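After this come two complexes, each holding subunit A, first together with subunit B and then together with subunit C.
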Partner chain A sequence: MADAALFEFLHTEMVAELWAHDPDPSPGGQKMSLSVLEGMGFRVGQALGERLPRETLAFREELDILKFLCKDLWVAVFQKQMDSLRTNHQGTYVLQDNSFPLLVRMASGQQYLEEAPKFLAFTCGLLRGALSTLGIKSLVTASVAALPACKFQVVIQKS
Partner chain B sequence: MSRPAHRRPEYHKINKDLFVLTYGALVAQLCKDYEKDEDVNKYLDTMGYGIGTRLIEDFLARSCVRRCHSYSEITDIIAQVAFKMYLGITPSVTCNNSSRNEFSLILDKNPLVEFVEELPAGRSSLCYCNLLCGIIRGALEMVHLAADVTFLQDRLKGDSVTEIGITFLKKLDERKYRRKK
Partner chain C sequence: MADAALFEFLHTEMVAELWAHDPDPSPGGQKMSLSVLEGMGFRVGQALGERLPRETLAFREELDILKFLCKDLWVAVFQKQMDSLRTNHQGTYVLQDNSFPLLVRMASGQQYLEEAPKFLAFTCGLLRGALSTLGIKSLVTASVAALPACKFQVVIQKS
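Moving on to the complex of A and B:
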């Protein structure tokens, strides 16, 4: 069985590519930009969304889906549940993780605050992709006030 | 405090899938960025190297392997301990030359290609799993062993097996057992 560590190492390496400034102006210069990472996360999230065990395929409401992600998806991927979920009941949800595994190794507090977004882009995509598989179009952003706690903001896009 | 979610066996698989799927997305992205297979292969190898230099600490911390005295022992540990620990498979090991510094790992199963049926069109020279070569190379270098690590055979390219070749370059520092003073 693959260790969770392998994914973390791969993710860290992918993020590290953002640090390397490529002076070569050839096509594909900034290969690993935040949107590229987010896009990769989206694809993986879609695939994972299809694999998540779902007791009932028909969720009663949007909130059930978000709760499902906070519990089942987060446990499957990060071995812990999301610490809190808040909503304004108008399509915006804030998911808070007080000890986000991809940030835990970095630092705690204010150090590396600037770099933190790079470590969250993939996961934002992951959430957006999983939601997409579950039939929800969304925009997902993340913010960090103090490592390793972070918040993911999910805004449902009404078509 | 909420009760921890019941750890179902499906979650374990998802965790493994996460790495395999992420790797697939990475390769797909690199194929978009680089036209030539050699460039993608090289990039994967370089990324693998970076991972290997950090993975070795994780490995040594988890495995408590004893000190090795031959390349053959080291290769056995890579196959039977490291591969088993991180990928859940145990490649078989063969030694390819009499000076005992060239070895092969034969992978019967390869979890990295679980969702890959065949190489993308026009990508016949792609070494899909080249990250593994870089990881092994990087990890070995951190324990002061220089090695060339490449794919000798690849099932994805039509070969019958997937084979990783490890050639140790420098002589292992042969220290005699320290005599007790």
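Moving on to the complex of A and C:
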């Protein structure tokens, strides 16, 4: 087990690095950095997904898999469980973290709200990657209403 | 405590990302990516250094600080201790890890030897950053003779 702060520090540096060297500071350039981060998250999520205990692969219900991510994946990465999970029972899930660790440091002022997306892209990818390893294709987006709380919306893509 | 693999996966993605988007594949461009990685390692090392228990700040001897890095820092980041520490007692230290975790995956073939520097730059920075927080200015380089063993050479800069 590694020092939990290591991931957080490294994530911060990664975000800073992608924005510092972004050749294109326009909204289009920003979008590219977000998609790079999301892609890195996806591959890390896939790799973490492959390390899951084998019995989890026997999950039959979509909801069981989502519960597993809210509990086991979140603890492995953030040392806490997701605070709530809601679903419309039609393939859309809303995962809420009331104190998302990667936002906690910037939570002192709401003026940072517009900076939030860059601290969420990696984790959206992480969820999408872990789901992909578990055989579920999805779209994952995140939104913040009041720092440091945030919601991840998972929409399952039926094949 | 976070899943130890998380840091390793993220490090791999970071290296891949820096090389994939490197605008300049010449030796000069490579050098820039290495220095970006080293800088990220430095800042993560500084931040980890600030989390060290206070009593460590009372270290008097340089050698004690180096021993501390070989033991506590290495365990926090790599879940193992450094295998050996040697010094010429004139400000140069050689830290050897016989199975450096970030090289283990590529250790199956010596043909990857030339790829090794990109997997060492972050950790050189990490050592330099942690030393900096402990009040020691240094130069840190790494070399590999036989994968996955590697040596970090720390040269203390006297002010």
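The criterion applied here is as follows: the second predicted complex is superposed on the first by the 139 of 159 C-alpha atoms of A that agree within 3 Å, B and C clash if a C-alpha of one lies under 4 Å from a C-alpha of the other, contacts with A are read in each partner's own complex, and residues count from 1 in each chain.
One rule holds for everything that comes next: contacts are C-beta pairs under 8 Å (C-beta built on N, C-alpha and C of every residue); 3 or more make two chains touch, one makes a residue touch a chain.
All of these numbers come straight from a predicted model, not from anything done at the bench.
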Which of subunit B and subunit C A:Lys137 touches, first, second, both or neither: neither
Touched partner set for A:Arg51, first subunit B, second subunit C, both or neither: both
Which of subunit B and subunit C A:Gln81 touches, first, second, both or neither: first
Touched partner set for A:Lys71, first subunit B, second subunit C, both or neither: first
Which of subunit B and subunit C A:Met40 touches, first, second, both or neither: both
Touching partner for A:Met14 - first (subunit B), second (subunit C), both, neither: both
Contacts of A:Leu6 with subunit B and subunit C, given as first, second, both or neither: both
Subunit B versus subunit C, judged by how many residues of subunit A each one touches: B
Contact residues common to both interfaces of subunit A (with subunit B and with subunit C): 1-7, 9-11, 13-14, 17, 36, 40, 43-44, 47-48, 51, 76-77, 79
Residue numbers on subunit A that touch subunit B, as the complex places them: 1-7, 9-14, 16-17, 28, 31, 36, 39-40, 43-44, 47-48, 51-53, 71-72, 75-77, 79, 81, 122
Parts of subunit C lying in touch with subunit A, wherever the complex brings them together: 1-7, 9-11, 13-14, 17, 21, 23, 36, 40, 43-44, 47-48, 51, 76-79
Subunit A-touching residues of subunit B, taken from the complex the two chains share: 2, 4-5, 7-8, 10-23, 25-26, 28-30, 32-34, 47, 50-51, 54-55, 58, 85-88, 111, 115, 131
